[in-house]
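Here come two complexes built around chain A, the first alongside chain B, the second alongside chain C.
On to the complex of A and B.
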């Protein structure tokens, strides 16, 4: 058979054209626009002004800080709960498929719709959560209208939403562990705890590294959850402003696309850096 | 000995309790959403909260449809999600076939580009894509809503793993029998990877159904809105009408949940296979 089958390009053409226009070009264009000022229809080169602007803008740092707090709290909490649930359902429950189906539900459902329900449950006046907390004589904060609670509410929402994917991936990984390890451990009289820490956890490391990255990247990009939970705004007094929310505001609401693109480039480079770290970590784990 | 046994029991109780609590936390919002959508306004805002409505207010749904063009939202969402799914499946099949079965110069380079693009977060390019769509005068059009999603490298990459599993000798045999590439794709490749294609179609349709940020950017006319944007706008406009918000949320979620419950095995298997390979 011929070594260079040119017809391949014909089959790849639709994909390549679309990818060039809607994936490669936008990246290049975002970089270009980040060095331009003015409205979208008439942008002019203005050097590093946008970068200077965002680094001086307290709102930008506030958004970055919020995003970081969210990412570094919601991701580990979500992962720890997911590991516990996945391992216990995997090792102690007979009807695994039933629980898996149930725990996975949030993954397929619309964030906006679930946000409406969460807003209802977290309502400070008639919400179910505060009602339960008061019934147990615990403090019942105003989850949505108290600015100091915004990020915590967002974390609760984020953790709830993240469990689905984590649990299903972890259960897939648990199933891939050679059952002979456990048979052998049983023969030596290992306890459940020993089996978990000596066999399960080490075997899960690559999966956990993968989930950590995916979750972190997802957390850095958080936008729809904020919109859903606070009904289109970034919480009371912008208390839940996140990086992508900042970008959206600068792009669409304020009408400074150059500033938005500078922030996008910063976020993009940061996400690439995390991905790079993960690759390196994975290589180390695998070798 | 006795002591150890009782400790063991407590451990088990804790584990079952932990699973039960999280199962409830996961499912409760869905149940509460459906129930709340059938309550009267008073019932949704009383203390203590109502769990089961005294009368089933199915008329809430009539009010939702009367207050906002949800039928139109459904139609728009179905059209865009279905178009994206069918076309991106088609382009992914062709692309994956070329990457798996054909040998050509530059293949390694193309694969490298595809793999790198997989790492690009959608949020980094969505705003510049908006600029592109705007300069094409496609704001508030169906074409504008679907255009950037007619190719998915992600699904193409996913299908490659299915196509690679089919022996290359089959392709050679088909060629010797005088079949064209086109015939090979539709007569052999597609029927043999039905499982993978169904999974891709389901995942693509669901993500199209739940799309939010992109339609928010490229549409601002009410009759071009998609379900989730319509829902978000409705939640703002309906103000304190909690029961109507919940009814509207139910409308948005239930179609996907039905698809999910029917195809749960394919969907979950698809997601796991996808991610564990990456």
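On to the complex of A and C.
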């Protein structure tokens, strides 16, 4: 068996120190703080009280449920639309560069700015979307002010915002597929649908697995979109409260860092579990 | 195998170190030296002031500050904008951990600083107020309105000096009220009937009235019924339900409305979608701008006995030299001077905090804004949210609880279940 050289530690030290201070220490500190009560300047050990509090707090469960609904709906919907658009741009469209730029635009625009525009579009009284819906004699819901619509509005916003990154990555993956596959398929008379399902999709699986993981983890940590869409609050009646919003609120605004950290630990375990499940699933798909 | 053992050892050592660090980091608050207060600043002194003022407010603050610096060449006031109120609150909260990075003075609501006061990180302003050279000689001589000064106390100690304060006022569309023959309401009963009349006579096109702050609506509604804002409020009790139902009934029937995600009703008001609304006196500038020449608006005292005193005070942190503290206090005193208060009030819409200015003819006869003429009446009975543990959190939570209840009312559903759910949330906010 090969022995690690001692000198290697010296070269690793800068990276190790950075990782310890900025990644590992915060995790450990969060874990310790989750067992402490009181304000940030004078925290005292208080056992499992923070965990007991969050498990009893209806807002916490609401936040976790919202986050899960958002993650499990916005991510798959976003991915499906991204695949469709990427495939469409890749195979059927001229002036690809123009469309690629168009689709990538949202990625380089600030979420807060997009949120402000979405607020105008979705406004129940003066909004463009409801104006169009009414013109077509369709029901025009109050997207922002009706608490039961908040999560749906957030999903629409989230899906739209996620398309840019997904499409660009998928276009790259599509370009990497060996064109000979399609030439051969054409020779044997395969239809467009067959080519998509038998060649394109299997070739895209590794990219999709990557996007699924990144998007899911991102979705679980959603905060900025909520802030942007609902003007700095978590929707009417806290109806769009998400886990990270809950954590931020408890930490910074309410001033109970212990409670916030307990919620952080729970969210961390939750994301860990979902990621584990997803990896298992991907392994099965790949094999 | 060997590597993993090493890693475990390092992790255990790190945890042990962190454990000791975490345990040893309480206490250590620097006690106030309470040395003699300097009455003259002869050395160059810098005072850092954290604030959350934007637009016209920030501009006015800057110009007042530069006037002060001209008069006191040894003192530099460094104004540092920290964003909106919640951002400022978050910044103070997180900086309290490393007191050296705190500013000399900051704008704040007393509720934000309860922990700081407990940890002795704030300066008691009383000796400064009572100092006849730096301060006024006594609280009475300061001429600051008593309730406002009291509102800047934390657990009975005068840690703050009121600065940018506001109260709630009723803003109404005069043309619409005249058109429908409705008098300006002076109490909640009249408000309801006025709103009903407007809604009916306009065939449902114009909503009668609404309240910007649902937290204030509830807290003042309860206070008018003799119930103070505290942990002991029975959210499902008869008083509480009466306050909630008054508004919810109106929403269900269409003559009342809430601000929703816009946050303020001034937008709907200027678009003549609502005839009256209760909002902060500091918002008159926005109303004026929105209304333009479309119609005439009027301002009246909030149609209730009690009114909420809102807005922040200035607090001083227990850090820096005696000179810095004295200079900071001189600056605060300057801001409360008669001319400065008049400028501040006229340019920002905030209310003056000294009696002489509130009652002065220069202020009352202001032709630019309509709040001044009504202010004295509107401030007859002031109330503020008590500064106790979690009161700030419970007060904020009320807003979302009310939104939940009123959303049900708007859809015509029964809202009793939302009141029950609200009770749990309300108690949860108090008990964290």
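Here are some notes:
We take it that the second predicted complex is superposed on the first by the 252 of 287 C-alpha atoms of A that agree within 3 Å, B and C clash if a C-alpha of one lies under 4 Å from a C-alpha of the other, contacts with A are read in each partner's own complex, and residues count from 1 in each chain.
Going forward, a contact is a pair of C-beta atoms (placed from the backbone, for glycine too) under 8 Å apart; a residue touches a chain by one contact, two chains touch by 3 or more.
Quick caveat: nothing in here was measured; it's all calculated off a predicted structure.
Steric overlap between chain B and chain C is present once the structures are superposed on chain A.
With both structures placed on the common chain, the touch criterion links A:85 to chain B but leaves chain C unconnected.
Of the two partner chains, both chain B and chain C are touched by A:29. By the touch criterion stated above, A:231 is placed in contact with chain B and with chain C alike.
In the superposition on chain A, contact of A:255 is made with chain C only, not with chain B.
By the touch criterion stated above, A:44 is placed in contact with chain C alone, chain B being left untouched.
After overlaying the two complexes on the shared chain, residue contacts for A:146 are found with chain C alone; chain B is out of touch. Once chain A of one complex is fitted onto chain A of the other, the partner contacts of A:263 are absent, as it touches neither chain B nor chain C. Once the two complexes are overlaid on the shared chain, A:63 sits clear of chain B and of chain C alike. Of the two partners, chain B and chain C, it is B that touches more residues of chain A. Of the two partner chains, chain B and chain C are each touched by A:125. Of 4-12, 148-156 or 220-228, the segment of chain B running into chain C after the two structures are fitted on chain A is 220-228. In the superposition on the C-alpha atoms of chain A, the part of chain A touched by chain B in one complex and by chain C in the other spans residues 4, 24-25, 29, 40, 125, 231-232, 252.
Of all residues in chain A, only 1-9, 11-12, 14-16, 18-19, 21-27, 29-30, 33, 40, 81, 84-85, 88-89, 92-93, 99-114, 116-118, 120-121, 125-128, 131, 160, 163-165, 168-169, 171-173, 176, 207, 210, 214, 217, 221, 223-224, 227-228, 231-232, 244, 247-248, 251-252, 257, 260-261, 264, 267-268, 271-272, 275 touch chain B in the complex they form. Within the complex formed with chain C, the chain A residues making contact are 4, 20, 24-25, 28-29, 32, 36, 38-44, 53, 56-59, 119, 124-125, 142, 144-148, 230-239, 250, 252-256, 259.
Across the interface of their complex, chain A is touched by residues 3, 14-15, 18-19, 22, 25-27, 84, 86, 89-90, 93-94, 96-97, 112, 115-116, 118-119, 121, 260-263, 268, 273, 390, 392-393, 396, 400-401, 403-404, 407, 410-411, 421, 424-425, 428-429, 431-432 of chain C.
For chain B in complex with chain A, the residues that touch the partner chain are 12, 15-16, 18-19, 22-23, 25-27, 29-30, 32-33, 36, 44-49, 91-92, 94-95, 97-99, 102-105, 107, 110, 113-114, 117, 119-125, 127-132, 134, 147-148, 150-151, 153, 156, 172, 175, 181, 206, 209-210, 212-213, 217, 227-228, 231-232, 235-236, 242, 245-246, 248-250, 252-253, 256-257, 259-261, 264, 267-268, 271-272, 275-276, 278.
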